[in-house]
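Below are structures written as structure tokens.
The two complexes that follow have chain A in common; it is paired with chain B in the first and with chain C in the second.
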Partner chain A sequence: MLLKVKNLTINFKNDDGPVKAVKGIDFEINENEVLGLVGESGSGKTVTALSIMDLLEKKTCCVEGEINTSFNRVRGKNITMVFQEPFTSLNPVLRVGEQVDEVMLTHEKASAKEARSHTLELFRKVMIKEPERVYDSYPHALSGGQRQRVMLAMAISLRPKLLIADEPTTALDVTIQKEILELIMRLKEELGMAVFFITHDFDIIKKIADRVLVMKNGRIVESGLRKSVLSDPKNEYTKKLIDAVPSIGGAFPGKGKKTGEVVLEAKDLTKSFYLEKGFFRKHSSRISAVSEVSLKIHEGRTLGVVGESGCGKTTLARLLVGLLKADKGEVRCPEKNIQIVFQDPASSLDPRMRMGDIVLEGLTIRGAKRREKELVLREILFNARLNYKDRMKLPHEFSGGERQRIAIARSLAVKPRVLILDEPVSSLDVIIQKEVLGLLKDLQKELFLTYVFISHDLRVIEYMSDDVAVIENGRIVELASREKLYESPQHAYTKKLLRSVL
Partner chain B sequence: MKNKLMLTGVIIIILLILAAVFAPKIAKYDPTYINIKEALLPPSEEHLMGTDMLGRDLFSRMLFGSRIALTIGIVAVGLAAVIGVALGSIAGYFGGKIDSVIMRFADIMLCFPAFFLILAVIAVVGPSIFNIMIIIGLTSWMGMARLIRAEILTLKTRDYVLCSRVLGASNFFIITKHLIPNGIGPVLVSFVFGVAGAILMEAGLSFLGLGVQPPDPSWGNILMEGKAVLGVGWWVILFPGLAILITVLAFNLLGEGLRDALNPRIK
Partner chain C sequence: MIPILFGITLISFAVIHMAPGKPTDLVTQLNPKVSMEAREKLNKIHGLDKPLYVQYLDWIKKIGRLDFGKSFADSRPVIDKIAERLPITLLINVLSIFIIFIVSIPVGIKSALRKGAPFDKISTVAVFIGFAIPSFWLALLLISFFGVHLGILPVSGIVSLDFEKLNLLQKIFDLSRHLILPVFVLSIGGIAGFSRYMRQSMLSVEHQDYIRTARAKGLPEKEVIYRHALKNALLPIITILGLSIPALLSGSVIVEKVFSIPGMGLLMFESVFMRDYNVIMGILIVSAFLTLLGNLLADIAYVYADPRIRYEK
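And now, the complex of A and B:
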């Protein structure tokens, strides 16, 4: 036994009294094992990790219970942590090498030279190509994957007994996600450390964890060996969580025919952005975001658009709805009625407008009469499974899933035929994700909608789409029906993407 | 603690507004009625704040003076806010050349020392309450324009603004329905501080004889008249001085409280 947590309770002091984040949990971590902690956002996962690291501020929260370890709990030496967002974990004004050196300098009182050579060795260990160059780089010059490798190098610098990884791959692209997970597993074997892995994604747990804890509302609702939890979950909530994870092979065919009317067509769409290069250099550099993209979508069908961050998916979405003007090419939409739903429902709803007004915004703009608006509101809220009674509430009073349903209702209120969905479920927890996807499917059938569904998640894309376009660097590298693409991918990039799905 | 200070400010401002609104009811005397026989009487039950060198009741004059101070403060800064919000939101929303032209104009306006600019203009158009309000308004919108512009620069890329555009909203709709309501907070704070500044400005102008003209009472010109009789009637200068101090303080307390309330990070 490496670490034992007994009856851990964490309360946050708030103006309106204490908020219970963790309500008396017990667990232990054994030597050289991977313990996975799964739960939705707000379930108390991160707070638990921070309390083990003794990183919670005493002023604002009150930690009770026992945390016993078989080793000396020295932060940064025996117990280290890797966070979700490697960019904010690194100091932007220091070279990354210096930041990794710091560990040696403070804990071991090493000389600068020793620290440097130690750091370079660590960089090789975490498979950073060109360690010398990375050593002298600033964080902003590195990619997300490289930054997370640097964080890992820092974490394993002094051969810790326990590594806490708090959603270390959530902010990364799928292909890189897989590499980082493999790296963590390799380091664990090499260094013989235990890993406490926190995630919301059961797929990752499936791959790496020895034992699993499932957390909900500050309590551990289920724990056990990975196999037994996955194959035979005892708790209702665990079942729901496992169920909600979309998996390859879980397709859900739509109704639209390939021969239906073409409701949206794009021809040779090309868009570049220009970066002004400072005061003295006159010429600017050009970044091409979307190049020569052609699409054709038939009524009632869903086109999935998949690619990694920065591939031009969002630019394509904005070109299709007319938020951006294409440099070349054109978008043809006979009815001129396309709406869009964005990724983050928190920022896509005006925080000062009431729910009813938000949903009816499109009609207000069109100058609709009060009576008409009232009728549409009732109908749309019913369709979007929202409560008519809540129409006077402000956005912050709704949950994430409800907010996304409000955004969907707003788009549908103007009766579009085509709906562009730009990562509509990426910021939602899995269970809610499934709910929203189900709603979108139902709405498609009821209202005979046509979707362009943009996502980085191949599993969600498969669940939703009839046809799939794979985008790399602004170009469609493969466009095929769902069955064909998932069963026999043609392009090398598509194959790589599919391989990286866990 | 902060809340209590703000509450103090609010209470003082409410009392002031009540005093200004009900001045004719509260005042026992006509503020311009001259009675040389009763000149320079010290504070007593008859004359709560004494009388001035012409025998006018100082308390009544102070009450009517508060009307002028508050009207000028609120109307002038209101005008500034309207101009500032309109120009600032246009600059921030449209950007590019429109932004450059409007903001450079604001920069130029900021280059003039406001008080002397106002003195110069008053010298040309002549002093009156109306003129003072307009001139203070026209010379103090720049800060608010900058504030709302900065807010709108960050707000205009929010997804709800993009959604609104996809739904077919006009620029006017987006600015008035989404951007200004969400970005008005800092302007509101600036408005409250501005009222304090404008009241001081009016007092200063009247003190120099370029503001509200006698016999109309204003805290500034009462102060000026008091200066001449400082040796024999300390009360003539004490009360208007105190009134200006307390009013400006009250508005500043309210402004600070509002600023903290709108920015939870400072808490």
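And now, the complex of A and C:
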């Protein structure tokens, strides 16, 4: 036994009284094992981890219960943590190398020279290419994957007994996600440390965990060996979580041949962005976001668009709806009735507008009568599985899933024929993700909609699409029917993407 | 920078000339013996009878040759008049920027770290008062207390009458004694503002992920604050400091008037009353230039402090 948590309770002091984040949990972590902690956001996973690290602010939280370790718990030395957000976890104004040096300098009282050579050694261990160059870089010059490697280097600096990894791969692209997971597992073997791995994704658990804890609303609802939990989950919630994980190779009913008319067509779409437009300089560098993309979408079908972050998916979505003007090429949409749903419902809805007004705004600006709007609102909210009674509420009073349904309802109000869905479920928990995807499928059938579904997640793409376009560096590298693409991918990049699915 | 400077001169020129009164009024209108003809003759000599845009073009042509013209009041070259006053104003302003920095940054940090503690509450009230006090009133109050009531500090001027006879050490001491009150009055508003900015900036940095990372590394709290948090918290302060230079310069007009300090601010004040166009415009150009220079310096400092801006591929 390495660490034992007994009756851990964490309360946050709030203006309206205390909020119970963790309600008396017990668990152990054994030496050299990987313990997975699964749960949806808000279930208390991160708070539990932070309390083990003793990183919760004393002013705002109250931690009760016992946390015992078989070793002397020194934060940053023998118990370390890697966080979810690689883009904000490193200090932007300090060199990356210095930030890793600090661990040695603080705990071992090493000299600057020793610390530097130790850091370079660590960089090699976490497979950072060109360690010297990275050492002198600032965080913004590194990619997400590189930053997460730097965070890992920091964490394993002094051979910790326990590494806590809080969703370390959630913010990364699939291909990099796989590399980082493999790296963590290799380091675990090499250094003989235990890993406490927090995630919402059962696919990751399947791959790496020895034992699993499932957490819901601050309580542990199920725990056990990975195999038994996965094959024979006892708790309803665990079952739901496992079921909700989209998987590749499911038999989804296809829609058969393309029969309907073409409702959206793009020809040779090209768009570049210019950096550093100054008073004297016109532009110093050009970034080509989308180049020569041609698409044809038939009525009632779903085209999946998949690619890694920065590949030009979102730019393409904006070009298709007309939010951006293409440098070259054209978009043809005979009915001119096209709408878009964005990734983050929390920031794409106006926080000061009431739900009903948000949904109807498209009609309001077209000068619809009040009675007509009322009728449409009832119908649309019914379709989007939203409650008509909630129409006077503000966006923050809804949950993430409800907010995304509001965004969908808003796009439906003007009766579009084509809907562009730009990562509509990426910021949602798996269970809610499944609900929203189900809703989208139902709506497509009921209203005979045509979708362009953009995502980085091949599993979701497979679930939703009839045809799939794979985008790399702004170009479509492969475009095929779903069955064909998943069974016999042609392009090397498609193969790489498929391989990185866990 | 050049286009902005150009715009500033155009607008100020127009505004000043449109205001009622002319530089020649002092000798003409206020003097009943002067005839109409004499007055027009005088206007003609100074070119004041031409249309406004012609006057502006004439003036800008001269500025192009760095010729600021002559003062209407005493016919001395404007450039000389400014040159003898500018160092004093700069001295006062640089000193108060310095004081603002060394006082407000520690105060801001401390109240941010102990948010809600007595120190934070007291400093909040002090800042409130500092903001609200009119500087001329505070200046008069200080003069009457330290200068008249206690009699320990001089009430006006920048040096004593016997300055020339003193040795170097005594000169510095004399100058400092004269500077204490004006610099204090000029700094007080800045200290109030900047300690607030600093507090706010520090509070927002404190909850950043990289601060949590620094703590997770096991760094002592001192290093977390002074190495990781402070560097980031200072970034917005640099920009605000650059932008606050005009406020300081305009503040020094009031302070120099109240303390009778022969700086550029006082010269401006007097020139405005005498409608001494050339001097006013000269001072405006110098102030505008200093302001733009301050912004440029702030931008350069920002580039130096924030690697994200420095970075180029």
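We adopt the following convention: the second predicted complex is superposed on the first by the 488 of 502 C-alpha atoms of A that agree within 3 Å, B and C clash if a C-alpha of one lies under 4 Å from a C-alpha of the other, contacts with A are read in each partner's own complex, and residues count from 1 in each chain.
In this section, a residue touches a chain if its C-beta (ideal position, glycine included) is under 8 Å from a C-beta of that chain, and two chains touch if they have at least 3 such contacts.
All values reported here derive from a predicted model rather than from experimental measurement.
Asker: First (chain B), second (chain C), both or neither: which does A:Gln433 touch?
Answerer: neither
Asker: Could you say whether A:Ile340 touches chain B, chain C, both of them, or neither, answering first, second, both or neither?
Answerer: first
Asker: So in the superposed three-chain picture, is A:Arg352 touching just chain B, just chain C, both, or none of them (first/second/both/neither)?
Answerer: In the superposition, A:Arg352 touches chain B alone.
Asker: In the superposed arrangement, which partner chain does A:Ile365 touch: chain B (first), chain C (second), both, or neither?
Answerer: It touches chain B, and chain C stays clear.
Asker: If you stack the two complexes on chain A, which partner ends up touching A:Leu55: first (chain B), second (chain C), both, or neither?
Answerer: The second partner, chain C, only.
Asker: Output the chain A positions appearing in both contact lists, the one against chain B and the one against chain C.
Answerer: Dual-contact residues (chain A): none.
Asker: Where on chain A does chain B make contact in their complex?
Answerer: 318, 321-323, 338-340, 342-344, 347-352, 361-362, 365-366, 407, 410-411, 414
Asker: Would you tell me which residues of chain A are touching chain C in their complex?
Answerer: 53, 55, 74-77, 80-81, 83, 85, 88-94, 102-103, 106-107, 138, 140-141, 151, 154, 285
Asker: Would you pull the chain B residues touching chain A in the complex into a rising list?
Answerer: Interface residues on chain B, with respect to chain A: 158-160, 162-170, 173, 177-178, 181-182.
Asker: If we count contacts the way the header does, which residues on chain C are in touch with chain A in the complex?
Answerer: 208-210, 212-220, 223, 227-228, 231-232, 235, 305-308, 311, 313
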